[in-house]
Structures are given as C-alpha cells and as structure tokens.
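Okay, handing you the structure first.
Chains here go by letter, A, B and C, matching the order in which they are written, and residues are numbered from 1 within each.
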C-alpha cells in the first residue's frame, strides 16, 4: 500500500484515482444515483433535449440518457474490473504453483503461458464470442482467458526470486505457513508490477468491451452500456450528432483516467522506463512479450 | 615551457536548476606534458574534460574561456569547433565496448572519422589505420576493422581508440578513465600504449583517473578535484610526496597500499 | 544465419500445429450442436432427431475426434475450409476476397503508422522536454485513450457529411482508404510513437554518440547512427504490427462498411457460421505465428550481436 501512497503523491494520478473511485461508486449504487429507470420508455419524449427532469435529454425511445449512462458503468467499467481481478487471481494461483513447485510443472505451465500470449487477443475474443454466442459475459470470459498468462508470469518470477531469499527460507524453517509467506512477502513484491500490467490492460479492455457492444456482439438491448448507446446514437448521427457526445465522453474520461494512473504506476515502478513503458508492451501484446524477453525495449 | 591549453574561469551549471557543479576553475596544461586529473567519481573530472571538448549534454551549460594555442575554443562557432574535435583534440572513452556504433563494424567509424579530417584516398586511410593498429599490438588489423564492437574486448577497443588517435595526430589527447573498466592485464597493455603514444606524438595529454598508481606512472603534473573544486595542483612528485591539502594526503595514503601492488604487477 | 533461419522456421511448425488443434477443438466446446445450427440456417421447418443424425453423417461428425481433426487439417492445407453453414458455398470463396481486402487496408495502415510514428518519434526525441514534444506526446496519449468507433463516426460525420469531401463507406477508389487508414493510424500510432521516441532517447545517451561527436563527425552523421540503432528495435515491433492490425480492423470495417475479414467475421458470429469462424481464427492465428517467426529472423539479421550468438 506504500506503493499506492507514493503514486498518489502525483497530482494527476491522484485526480485520476479520485475520478475512477467516484465513477465506480456511482456505478455500484446506480439505483441510488440514477434519477430514472434506465429502461423506461417514453415515446412522447423521443430525442428530447436536456431539461430539468432529464439532465442529458432522452434517447430514441425517450429513455433517460443520464440514467442509462450511470447504469452503463456496471458493464463498461465494473464488469471489466471484475474480469481483470479474476484474471489476476487466476494468474496468481498458476504463477505461484509454477514458481513454487518448479521442475516439470513450471515448464508445462510456462509453455501454456507462451501459447496464450502468442494468440492475437482481439481474434481470440471474437472466437470465444463466436463459439459461445454473443453476450457481455462471454467477452468478459474471453478477457479472463487471455489475460491471466501475463499475471502468471509476473507472480512466477517474484516467487522464484523470493523463495531464494533468506528471510523466506527462515520463515519456512520457523514454521510460518505458505499462505502467510505469500501474504507477507510475495504479494507485496509482485504488486507494483501487477498494478502496471493490470492498469494498462484495464484501459484497453474498457475500450474493447464497448467496442464489442458497439458491434452488437456484447450486451444486448435493452440493457444500458456505453458502446451500445453509441451504436444506437449512430442511427441518427447525420441528423443528431450530439447524441454521440455523452457516452463517448464518458468512455474517454474513464480511459484517460485509467491511462494516467497506469503511467504513474509505471513511473513509480521504474522511473527510467516511464517514457518507454511497459504499457506499450502490454498493448502491443504478443509483440510486446517478445520485446521483454529480448530486453531491447 | 609554453602552455598548450589554458582554462580560465570555467564554470559549469545545470540548466534546469541553475545549480553550480564546477565553480570558476582555472588551470594550464603545458605543451607536451601530461596532466592527470584525479578525484572521486562525481568530483567533476569528466564534466571538465567534456567542457573542454564542448560536449556536455544540453541540460548542462558552461561559461569561461578555453585557450588552445592562441584560439579561444569557448568562443568558436559550433561548426568550427566540430573541425577541432578529432583533429586537434582527441578523446578516448572509458568504455571501449560502448564507444563504437554497435551495429557497424569498428572500421566504419575509423574510416569515417579520417575521411572527415583528411583528403586521403580510401586505400591510404586503410593503410595508415592498419599500421597504427599494428603499432598498438593489434596483430590482425583487418580482422579488427571488420569486427563488430561486441566481438572485441574492452582493452582491444581501447587500443583501437589509441590507434585512431595516432593517425589523427592531435595537439591534445583527453583520456577519460581509460583503464578503469579493464582487468589488470589489459590495464597494463593500455597504459603502456598511452606512454608510447606520448613518446610518438609528443602531444599534450589530460588523463583522468582515480587510479593513483597509473597516474604516477604516466603524469607530469597532477590536479586534484573535490566537489567540483581544484584543491591541489602540482608536479606528480610534489603531490605524491608533500601534498598541501588534507584531502590529497588522504587519497595518497589510501592508495599507497594499492600502489605497491600495482608496482609489483608492472614489474618495477 | 541460414542455420538460424531454418531452425526458427522449424520451430514455428509445432506452434502452428498447436494453433490449428486449439482452433479445431475450441469449436467443439460450443454449447450448440452444429448439425442443429445447419438445419436452422437452412430454414428447415421441423427439426427431428432423425434429421439431425442424417446431417451429422453428411457433415462427417459421427467420426472420432482425431479423425475429424486430421481430415480437417488436411483439407485446410489445401485452402478447403469446408462450406459455410449459411450460404452453403465454400468458405474460401468468401474468406479469400475478404482477406485480400483487409490485407490491402492493413498494408496501407501499417505503412502510415510506420511513417507517423517514426517521423514524430524521432522528431520528439530530438526535442525532448520542449513544448512541441510535450504537446505531441499529450496528443498521442489522448488519441490512444479514445474509442476508435466514436472517433470514426465523428470523422464520417465531419469529413463525409458536413464537408462532403470523402466517401462514407465502401471500397471504391483510393479516396475510400483515407478515413479508415487515418482512423487506424490515429488509434495505433501512439503506441509505436512512444516506442520509437524512447528508443531514440536511450540511444542518444549512449557513449557511441559522444565518441562520434568527439571524433569530429558532423551532427548529421551522429544522428543517423542514433536513428539507425534505434530503429533496429522497431523493425521487429513493426513486423508484429501487421498481424495485430490485421486482427483488429473489425470495428473500423464495421464503421466504414469495408468488405473485409472483420465484416465477414462479425456476420459469421451473429449467424453462428462455425466453418467461417474456424477459418477466420485459423488464418489469423497462423498469420501471427508466421509474422512472429519473420520478426525473429529479421531481428537476427539486423542485430549483429544476436546473429553471432545464434548461428
């Protein structure tokens, strides 16, 4: 947690963090914050402009845009975050097993990791959706399947390093349980690296998930989702381009905040790399994985 | 004796913070002599030398006069200064491994440099370079020229730089800790080549080092720097035997035991 | 070098096999019975168990898994990916032209990305910390945070509708390329721009730059050395950009109605046209593996150090 404290000394990072916390809080308590039911149709209010009752106006079915925006946080941001956390967890378990037992287990698990990392993630997401059918949960499942390998690698490396170190050996001899060793030593050591990779994936995942909804492959009507709202607004983009504004800005603000925070994480982990960044490595995905191995970036 | 190089009121500071790193330093180097600059890392030795070449990073600014012969280098336009570099002032870097373009053969840099300063034909440049490389005991000069930097050792690359200096015949040679990164045997070979370089070119030399053993062997005068300031300047013998400043005395005694070891290695 | 090349190419074969196996096995995970999908797609009014069994035999689905896999792989190697469940036509007759269209878009876009990222990356590195560098970095940062479909829609609205300068969609002339290529470039150039910039910056601080200057080489030559060494890193990165862009044109194709792979795959997903999905995944995954191999070989060819270590 010292790490987070250090990062938040940076003003931009602190502001970004505050925005994200605020957005997520509003998302979690959407029923409290939303002024209207996001799926309530008012045909008489179609394309109404902003008013006291409907701050951001109404969409093509007369639904409250603000309420839809607020409910949209759940799939667009919270859903992605949940998938991300699950993949960190999955990666942590697999990475720990590989690093702890070593030998054959390690070789096999890392081979699988390599294969996972060499798949183009966009294509794999499409494949998962193609096989299991359209829907938000399938995209999130694809993310989970594709991201864990990154985290597994990081955790494995830090397990390898730390199980060598004297105080962990000492802790083992002293009869401290594995779980305690992990909690006290391994997790804090791996956390900054995980934060960097996770935060940068977070940004691209938020963009991707709304992209899939925009294509009609994600969440299904009448549920509210930012990409979906943009898709609906696209129908009238020539006559009423202003409907593209609210959901588009919402995505940009959230993604910008995430990216700023991710940059700050990076700067904190490795000041020298702040400009070159691990982030583009994770964004350039498989190519990036190779870069890391060759230590050229 | 005539002064080859006169440094007057050289001040170096960081551009962003305005922090003064080297305040007002002045010294002379006599023609044909070798001045050693010693001091701990961070004392401003390298900065001073780069300031003479006018090669410090953009974040660092310098003021003061640098007289080479009758010419003030500090006042020259960059274009003119560039022509002096290599031709009249030569530098030898600490890390031979990093000093050459890693993606080109070593010879490419050598030939490009010579082509920059002389109107020689390609075969003449290669011929002279070849003889120079042989004279620094690189016995397969063509192989060395065709090799990539990573294929040669640090000591070999150091000698390649000395060979290039031999061909360029500059007035002043500035060597920035040329022996620090080397093992003892390579150190011996490189120091030997430096001594021969002086004999052959008769050129003035500034030799940065924190190895007092090497300094004693090669330098005529010693200049001691601490925290950017010159704390002592005198002939080598005087500095080693009756140092004026406490700091110098501590340096000399600290290195004395090491020096004995060095003498054994050098077979004195 | 030749040895390394052969070794690296041979290494990619098991990976390609693994990829094909995963692709084939993956489809079997589907909760829906393909035979049922086919019957639905063909508009058969009443689906009986008998009919399903018949279709299964016709599709060869009653054979053991490994037999089906090897048959499938053998025909895939001859560009026979089976027939579309929906149209009944051979998959390749749809996939081939779509792939070609997407390749055209990808090649132009990657060229634009390379030009933009190298141009700005090198330019900003020389002026690191100055106003212009900071603003350009901010701009690229902002652009990579933007949803491309949103930006694309705005571009259509502005350039095609308001100014009426460019076509809104389709693939008719070179003018159709401008907007899609611009959109892909804007969304991806930021990543590569940062890689180039930091690579140039770290090379600028290398000793060889200093020694080159100390030898009196003109600034131009020293900079040329720095750029050449910096771009070496970039070659393999750009090589990998090809399959990455190839696989992520989906949104752009959707917005601009580009008749390529993205459009084809989205339609196949919505129609549950498994043979098409399978072929799509296989082709792109293979492209990934191949470019990976090519990128490694290129890297070795360009980097004398790697070349020596490996050959």
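Keep in mind that, in the parts below, contacts are C-beta pairs under 8 Å (C-beta built on N, C-alpha and C of every residue); 3 or more make two chains touch, one makes a residue touch a chain.
Keep in mind the model is a prediction, meaning the values are calculated, not measured.
A.B. asks: What pattern do the touching chains form: line, ring, star, complete or other?
C.D. replies: Looks like a simple chain-to-chain line, open at both ends.
A.B. asks: What's the farthest chain from chain C if centres are computed as the mean of the Cα atoms?
C.D. replies: For chain C, the chain whose C-alpha mean is farthest off is B.
A.B. asks: Distance between chain A and chain B based on Cα centroids, please, to the nearest Å.
C.D. replies: Chain centres of chain A and chain B, defined by C-alpha means, are spaced 54 Å apart.
A.B. asks: Mind checking the centre-to-centre distance between chain A and chain C? Centres are C-alpha means, answer in whole Å.
C.D. replies: 22
A.B. asks: At least two other chains touched by the same residue of chain C: list those residues.
C.D. replies: Expected reply: no residues.
A.B. asks: Would you pull the chain B residues touching chain C in the complex into a rising list?
C.D. replies: Chain B residues touching chain C: 50, 53, 55, 57, 82-87, 89-91, 93-95, 98-104, 109, 112-113, 116-117, 148, 150-151, 161, 164.
A.B. asks: Could you pull out which chain C residues touch chain A in their complex?
C.D. replies: Against chain A, chain C makes touches at 15, 18-19, 22-23, 26-27, 29-32, 141-142, 144-150, 153-154, 156-157, 161, 191-192, 194-195, 197-199, 201-202, 233, 236-237, 239-241, 243-244, 247-248, 250-251, 254, 265-266, 268-270, 272, 274, 277, 280-281, 284-285, 288-289, 292, 295-296, 299.
A.B. asks: Going by the contact rule set out above, which residues of chain A touch chain C in the complex?
C.D. replies: Chain A reaches chain C through residues 115, 118-120, 122-124, 126-127, 129-134, 203, 207, 210-211, 214-217, 227, 230, 234, 237-238, 241, 244, 248, 251-252, 255-256, 259, 275-277, 280, 283-287, 290-291, 294, 296-297.
A.B. asks: Sort out for me which residues of chain C touch chain B in the complex.
C.D. replies: 205-208, 210-219, 221, 225, 228-229, 232, 302-305, 308
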